[in-house]
Amino acid sequence: MNTVTQVPLSELASSARSAFVLDQWYVAAFAWELQDKPMARTLLNQSVVLFRTPDGAVGALEDRCCHRSLPLSCGTVEGGGLRCGYHGMLYAPGGSCIEIPGQERIPAKARVKSYVVAEKNHIVWIWMPKEEGAAPSKPAPDYAWHDDARYRFGGGVYHYDAPYQLIHDNLLDLSHVGYVHQKTIGGNPRVHMTAGMEVGGEGDTVRIVRLLPDTLPPPAYTAVWPFKGGIDRWQEIEFEPNHIRIWAGATDKDSEPLDDPQRGGLHLRGFHGLTPETETTSHYFWTMSANSHPEMPDNLDKVLQQIRSTFDEDRVVIEAQYANMRRFGEAASWVDIHVDAGGIRARRIIERLRKQGE
Amino acid sequence: MNTVTQVPLSELASSARSAFVLDQWYVAAFAWELQDKPMARTLLNQSVVLFRTPDGAVGALEDRCCHRSLPLSCGTVEGGGLRCGYHGMLYAPGGSCIEIPGQERIPAKARVKSYVVAEKNHIVWIWMPKEEGAAPSKPAPDYAWHDDARYRFGGGVYHYDAPYQLIHDNLLDLSHVGYVHQKTIGGNPRVHMTAGMEVGGEGDTVRIVRLLPDTLPPPAYTAVWPFKGGIDRWQEIEFEPNHIRIWAGATDKDSEPLDDPQRGGLHLRGFHGLTPETETTSHYFWTMSANSHPEMPDNLDKVLQQIRSTFDEDRVVIEAQYANMRRFGEAASWVDIHVDAGGIRARRIIERLRKQGE
Amino acid sequence: MNTVTQVPLSELASSARSAFVLDQWYVAAFAWELQDKPMARTLLNQSVVLFRTPDGAVGALEDRCCHRSLPLSCGTVEGGGLRCGYHGMLYAPGGSCIEIPGQERIPAKARVKSYVVAEKNHIVWIWMPKEEGAAPSKPAPDYAWHDDARYRFGGGVYHYDAPYQLIHDNLLDLSHVGYVHQKTIGGNPRVHMTAGMEVGGEGDTVRIVRLLPDTLPPPAYTAVWPFKGGIDRWQEIEFEPNHIRIWAGATDKDSEPLDDPQRGGLHLRGFHGLTPETETTSHYFWTMSANSHPEMPDNLDKVLQQIRSTFDEDRVVIEAQYANMRRFGEAASWVDIHVDAGGIRARRIIERLRKQGE
């Protein structure tokens, strides 16, 4: 795509402004965030309290006691569920109040909304239904790399003062690497802008493949893998409405076919769970899984350190971008360029799914 | 009251949203807050400057110079009144400008609104009239315990990001003690939830009496009074629209009749002046007066230290409660339980008085 | 002017609220602020990026990349112009995009708004036209004192949370000196309030002259000039819609005629560039140029130190004044007094020029 169209910003922003994609799993938390204390998190404009009961199960309730509105996240976790920190009402994971201290009768209205959650591959997914209480129509996504013995992984949660689709744009267009990450992993900007890019994808997905055969490994790569000289590199980006997977890596030049999924070399697999907090703010759940070479077994810390630096740079840019979008308002339009193909495709998917929810 | 009704939040909040109770005295300040500098304080949405002239009288004016709008609280106190800090206009305590530097004629319009204040028992009360300039229809409340030789007292002023009626609710329902003050004075929550409670009161007052005979003194009590063993305890709460008095204490078990107002033992008398700052924020003026046993003459500091810790806990809960009420909006309703009887009665009084002002 | 009129605040504020004076030069920056990095500054509600190219020229563009809205002030300056920090689009000082990395064709729409600037006497002026792109109808103002060998100068940029006309009022009425600057340069307030004042001015200017013959030098004057005893002082204020010049000084008593522009003694020439940032906030660019006596050659630092202290006092007062205007709203009116003559005249000029723009 090398054409340039003028897209009114209001249209681009409309999906963010009006509603979110519902009947969808979103990342609510990483498993390790839920210990013995309840945690408040706003997801798609809904105030949710997440908690893990002593038996290890994860619960998710509307974060508001039905008695006097204290957030249940100010309360305490017990065997039976979650107890409010004001007057002690106890809620079962299903949302019904099961104890009112000093009062025998529990009225039927004494209950709060509950959410279906699924803990899988160290990720806690939450189902956000179109109709309250409706059961999930599909299983939560798999992310097997977190449980693959060939990989170790680490990650974190970022809060963005920007709508989640601006983060989609950023991840689906790695050409920004040369400018935004000039000080860290950038290298020569022009290499990133001119590398071949194949954009595809079926159904509600976008798939972008970039192959960079016969190139030199950047310092970030040689620091974590003993390459012998020239390398063949790849980047594969897979977009789904609730998360993006980025598989990057390299092999010694001409040592392996780049179309063999079992090929060797350095493999870096990024998980990027983007969950709207509100129309204008986002949660960004990320992990990086890396394999390691026998000669360099402890490379994960170095990889994560580099990732964190570049993610900090992205956040500065995206939040500055969004603050400027608010400053200039909807009258200001965007001029598209060739690198926007993937992002525009993802925006169309989100827009289509969102409209199904109307 | 053991019935459960569903009260729409919008109705509960309406008195706070639309207007305040007028033709009423409110606490404006404690006497010791007014020294040689004027003090700005917003009371019932009105910007007021409070000041003490060199002869000791307290004045209260609209906090805005009629010339160029500088707050008069930025000015200086003189014998004649309050002088603006920008161009030096001098205002008498009655509100009229009595000097314009460099200009002889003083126009009749050069004046600001004034308020009637009454300094009594170390409390500065302000009359908030329905009609501007109207004289008080009743004297300011007495609070003789501040001047009673058997007591010493101390106190403070809290600012709350919450409407004042949520603080009423909190003080009129001491059952929250077991959950909110678990780390300080709580003890066993269930004792507080199940203690007998008598709710009454005439006219514009609410009176709640809780007697707890034959119980053990909490550490907070034994730290300040040499009880011999078991005790008989009491809590009496008296609500008026502008302040709440809480009389708590204990005698050695069976040593004195709990219905004799002259009975001995430890007496803790709390004053709680609640004054709306705006519809959504409040001033909370409190003191604690305590008697002391000859063997433990310096117990006041310990008492005040405990009070401050528990008040901090209350503020955290009430501000979290109100932030959540804003988050969930008016559609979210409250389910009442048995402990709410006193608070609901007080809300009805405020609502009735407020409507008289319409 | 010794009459007192009641001016509704809404009228006084209307010019600030509705629009600014256009077809006018405003101070955008001091020359020394523009080094090797671009600088963001909002001027009359417009987000502008100012930058200096390697050849020394100053450019000013709309601070928003037309591709994805990142502020161009997040980018980098190159020989050719300004490069966006997200995907590397390069803009010439005239506003057109001259390079899109990885793409040959540059669409005609790929451009941003540009502004005419003039760097003169160490001041960067920007032309704010009624019609986008219109050329300046007059040259930028001269301020030759910055380049006069008899003077040295220094200055700074203040940000005010107040509309710029409140700063006009302040500078055009030096009677506030006695009250606002009591702790610094005030002296006896009454001398300032009662000094003779001549208010005049032609066209779009206001000119205020105050002569104070046969007076004693304030400490601030004797600290920087070896006066022998009594002095003849003067203050001349010249208002134009985009800046105010204040010429103050003194000679030894009876040593020189006060109407000779070439007279000797201490001369302090203040430049005050007031540029609206928004309807409610302002940029205040100031310098002070001082001559020096051979016996006290290094007096500039002392002069600037005093100026900064007094300017800090003014800012506190003006921001408090404006916060109070917002608090009390438009219903609150102002009572004028004799010292307001200059400020009212300036407000009428601004109002007339503003209306020409409608």
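Here are some notes:
Going in written order, the chains are labelled A, B and C, and every chain counts its residues from 1.
Everything below uses one rule, namely that a residue touches a chain if its C-beta (ideal position, glycine included) is under 8 Å from a C-beta of that chain, and two chains touch if they have at least 3 such contacts.
Values in this document were obtained by computation on a predicted structure and should not be read as measured data.
If you draw each protein chain as a dot and join the dots that touch, every dot ends up joined to every other dot. Two copies of one chain, subunit A and subunit C, form a contact in which under half of the residue numbers belong to both partners. For the pair subunit A and subunit C, the distance between C-alpha centroids works out to 48 Å. Residues of subunit B in contact with two or more other chains: none. Taken together, the subunit B residues at the contact with subunit A in this complex read 2, 4, 6, 9, 169, 173, 175-176, 178-180, 189-190, 193-194, 317, 320-321, 324-325, 327-328, 332-339.
For subunit C in complex with subunit A, the touching residues are 47, 63-64, 66-71, 74, 83-89, 100-103, 105, 107, 109-110.
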